[in-house]
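After this come two complexes, each holding chain A, first together with chain B and then together with chain C.
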Partner chain A sequence: MRDQSKRSLLPRWLTSEHPLPWLFPVTSLLIVFGLYPVLYSLWLSFFKRNPATRKEKFMPSWNWEKLLADERVWDAVQITFTYTLLALSIQLILGLAIALLLDTDKRGFGVMRALMTLPLVVPPAVTGMMFLLMYDSSFGVISNSLYALNLLSPTAPILGTGSTALWGVIVADVWQWTPFMVLIMLAGLRALPREPFEAASIDGASSLQSFVFLTLPMMSKIIALAVLIRGIDLFRIFDYVKVMTDSGPGTATETLTAYAGTVYFKSANFSYASTVALATLILVLVTSSIFIKVFKVRF
Partner chain B sequence: MVTGKFKSTLRYLVSMLVVCVFVFPIAWFGLTSIKPISAVFNKDRVVVFDFEPTFENYRVTVLGGLKSDTKSNSSILMGTSGEGAYDGRGSILSSLVIAICSTFLTTIIALLAAYALSRLAFRGSQGYMHWILSQRFLPPIAIIIPLVFIFRDLGLRDTHLGLIIAHTLINIPIALLILKSFFDDVPIEIDQAAMIDGASRFQCFYLVVLPMIKGGIAATAVLCFIFSWTEFLLSLFLTNSIRTVPVKITTFVTSTGSEWGYISALGTAAIIPGFIFILLVQNHLVRGLTMGAIKD
Partner chain C sequence: MASVKISRLDKAYGKVKVLHQLDLEVDDGKFVVLLGPSGCGKSTLLRMVAGLESVTGGDILFDDKRVNDVHAKDRNIAMVFQNYALYAHMTVRKNMAFSMRLNKTDKKTMDEKVNWASSILGLDDLLDRLPKELSGGQRQRVAMGRAIVRDPDVFLFDEPLSNLDAKLRVQMRTEIKDLHQRLQTTTIYVTHDQIEAMTMADEVVVMRGGYIEQSGTPMDIYDNPNNLFVAQFIGSPTMNTLECQVAEHNGVKVAAIEDTMLPLPGDRNLQVGQKIFYGIRPEHFQITPQSVSAGSQPGVAGVVRVVEPTGPEIHVYLTLAGQDLCAITRDRLELRPGDNIQLQPDLAHVHLFDGESKNAI
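The block that comes next holds the complex of A and B.
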């Protein structure tokens, strides 16, 4: 009866019984500042910019053909995938190993687990700075340690040498985000049932066997989820590269997002920068959709 | 039992070593921030502890002291010129205002949407959730260029309000998914009981269910604050004169050299709020980082 009287005052879609008023603020914000810019990007990518006259002309396929023929794009795709796969595998393996190490209720381990989370709150730009300082070729603590161990020569600074620069950035990323993997893996380990492990140890399984045949399969869903979240964030990496190497030396660390940034800031070719950025988006969507389908990730 | 004891001691030592490796860069950065210039830039050896601690770097970057005072007895000259170039007070204030306002805005509008998605069954709710999720995975670079134009046309470029909106945009999907998982934890019978007692949907949300997930809301807000406080790309593209702390720090690196003392002082100061907050929300951290997919 109460509902009847309310319905007469307001149309139903304006009452709190209807999802519309609840979803309206979020939806409008995401459409205006999220969806519309993507479509705007697409629109921009259909214009050819003349660098001399700074005039733009509607030529829908121009930028996309340029993109496919641009060697820097293909290099950037390769660097982005290399970066993502290397950093992701290191973070996953380290994260799982450290989680296994810290997964105990013994004294002192709670504090250590809390300390492990600290890198997560450091602004990535500051992380970049921390590692720049430690990599410095004359007074950096990492560089000097490597000199002492004869693993590095002062003539080839870590971030200034093409073959090591990407690794320099990956180390910073691994430092900051391995704790993310550790936390998720710890949560997964803590949620495992005890019975299968007790049964396995009674049957004489070694701890390695129970890890491979029990822990890993039971954790597969959580591992897939962590890999998805981390993988997407790695793929759109920008902060570390911008701060630490600014895509250099040369273009040795130029990822797709960094290249889009370079086109935007240095040549002010907004239509082409949008095209590169959209290519990143397309690659992220395709790769993550395949991953979600194959590994059946659910949120 | 000797081997058991040995094993547990070894495990403890290895764990300590691992944790030290992960804490070291922060500790080193903090240590650098209180070193005098001569100790930071010592080219002969790495200075670890043998220096006179000084708070000069903090005086300049956090309290806005004059740079020239510190340089009077130093022969090293580098970095950007201008008296206020290393004054981080404006940046800290901007970062705080932007992080607090965007956290507030995000939490409120995400709460509304999360409640509806958790409680009101409607056609397309699954599709809506997928759309929200896809927003989380959208690379910011894909929207930033048009966003610069849109913001310019709306007069939001280089304003606090503009960055508040941008950070809200980035945080909404995360906050919404986390909050929905907290709402899902509250049995739906509670809503039904409240509504049988005569509460409207909104009263039920505001007076009954919200107080039950206070802890979850706090955790979500903390994560939003940290994401906004540490955000770099949007702030870099959308502002020129307003500089958030992460962007401000990168301006201390110049072609003539990097002011490591000032960088490490402002950088260390920028880490502290996050440290305090993350220790407060340890219990909900995993749920937050996985957007509610893993409950802890």
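The block that comes next holds the complex of A and C.
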């Protein structure tokens, strides 16, 4: 009886037990917004485009050969990896440390955990602009504090100096995304069973030993997953660089996506920009596959 | 090894007091069982001895040294947890060797100890497995192995057998007792299972609602319960406790339930009209089928409800003056539900409890 009334209310395809109707919506989304752009980029990368004449000529290897010979690409690869590794390490260590501090049932810590998420709701471009102001040599709070501490000289502004510009961008990224690490780590820490830690303290383990021998190994899967998610995200860094330094000074902060953006929007060389973007994708895929293999990450 | 002394121990969580002024002494080498229903504070007491819970008031002494503020890691105790609390990412060998690894024992001693413990516990073939590849009983043994390799001053067991099936529980019970007899380490063992308590303990401490109700040897507690709670908690099937009133019949004091009269032991100071609980263990009844009772010593009449033969004995559940009770006989009686029988209580084993205070009279 119930089944029949259900059938009369809903169209047949909504009550189907066949997987196809249920796969259709997300599959079509993936095709339109994922697969098609990738394939189109691949298609574009096979053409030699002359931005001035807007003429395109089918030359499958032209862009790829250019890519391999392009020193700016190799610089960008190096900068992207540096950026990813530095930001990831800082976010991981800070995230885990803050999560350990917040992992308690004491009063008030629930509010603290909720407040941690605030930076995550700020749009990245806005974050970049905020830090731009704070780095300003005449009135920026960060710059002036560093000048006062004699750690930096006003003659070498943070974002205007090649050696510090990347760090300037990393700090903004760390501010915004460490809370994300904290959230993942907290979820992991809160789910750890209590007894093994009690057993360890009876076995004679100090807090540090418990952390090294129990917390870290028990958290390893979650840490690996967090590193993977954040790593991929960091690898395609664009907004902070675009807003704060626009790849400068010179090309000191030019990451792969920033370079692709420059080629696309400034040189209007769509084919070559697509090639750089695809190369970024390939690098991410290879790096993360190796990571997944080595650290046995399971989803 | 060490003796453990607990004096005027209090524990409170916020405003809720869970342990009240407990006093307890565990002599060196003794096996003491803390027994009580869930929520009575026995595990809390054990965890305080372990150093996993803070002390609100009073003292815990190991060998007369106050350990209240000594961290768990420095108390030289070993504890077996109810759900084993093994280190899931370490093999059996590493689980057992963990404490030695922490205090930097040399490899040779470490291997010797692990091999010694694993041979005692029958874990030789499992040393390189992970806990998830073991059965419940095997995990339990690993948890015990982890405890015994340490040469602790005190062993603490927190309901270690409650997650095992019945057969394994009996087997492990014997193993733990055997282990204690071999190692002679002071042991405090928490359980809610009175059979475990009776079979293993040198001394049983019965707890309820954060108080110690009675402590003594298992037999002493079984034979001379201080109050109604202890009487009903120890023994299986539990002691019969009939609500009656003291009356006088032909010049002799008897326990009356309506018209039924139960004989009373003569040596107690009882007032006529006093409400009492008449306690008698199932094995202290003499059962006679009605048909053969004529002419013999008169007893109390009961009606059989359920008959449970267990093999060595028969448990007879019956109704006596509207109250349920159980009697055990080793005679091969042919009894059926509805049969009328005669019961003769063994007066030497009758326990009387005051109806108000519930304490033994």
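Things to note:
Convention: the second predicted complex is superposed on the first by the 282 of 299 C-alpha atoms of A that agree within 3 Å, B and C clash if a C-alpha of one lies under 4 Å from a C-alpha of the other, contacts with A are read in each partner's own complex, and residues count from 1 in each chain.
We adopt the following convention: contacts are C-beta pairs under 8 Å (C-beta built on N, C-alpha and C of every residue); 3 or more make two chains touch, one makes a residue touch a chain.
Predicted, not measured: the structure shown is a model, and the values here were computed from it.
In the model built by aligning both structures on chain A, chain B fits alongside chain C without clashing.
Computed from Cα centres after superposition, the angle at chain A between chain B and chain C reads 90 degrees (steps of 10).
By the touch criterion stated above, A:W74 is placed in contact with neither chain B nor chain C. Comparing chain B with chain C, more residues of chain A are touched by B. Residue contacts after overlaying the shared chain place A:M218 against chain C, while chain B stays out of touching range. Look at A:W13: by the touch rule set out above, it reaches neither chain B nor chain C.
With the two structures overlaid on their shared chain A, chain B and chain C come no closer than 8 Å at the level of C-alpha atoms. Judged by the document's definition of touching, no chain A residue lies at the interface with chain B and also at the interface with chain C. Against chain A, in their complex, chain C makes its touches with residues 50-52, 71-75, 77-79, 81, 83-89, 98-99, 102-103, 146, 150. Across the interface of their complex, chain B is touched by residues 2, 6, 15-19, 21-23, 25-27, 29-30, 33-34, 36-38, 40-41, 44, 98, 101-102, 104, 106, 108-109, 112, 114-134, 138-141, 144, 175, 178-180, 183-184, 186-188, 222, 225-226, 229, 232, 235-236, 238-239, 242-243, 257, 260-261, 264, 270, 273-274, 277-278, 280-281, 284-285, 288, 298-299 of chain A. By the touch criterion given at the top, residues 193, 195-196, 198-206, 209, 213-214, 217-218 of chain A touch chain C in their complex.
Only residues 8, 11-12, 14-16, 18-19, 22-23, 25-26, 28-29, 32, 40-43, 45-46, 109-110, 112-113, 115-117, 120, 122, 125, 128-129, 131-135, 137-147, 149-150, 165-166, 168-169, 172, 176-177, 198, 200-202, 205, 226, 229-233, 236-237, 245-247, 249-250, 253, 258, 260, 263-264, 267, 270-271, 274-275, 277-279, 282, 285-286, 289-294, 296 of chain B touch chain A when the two sit together in their complex.
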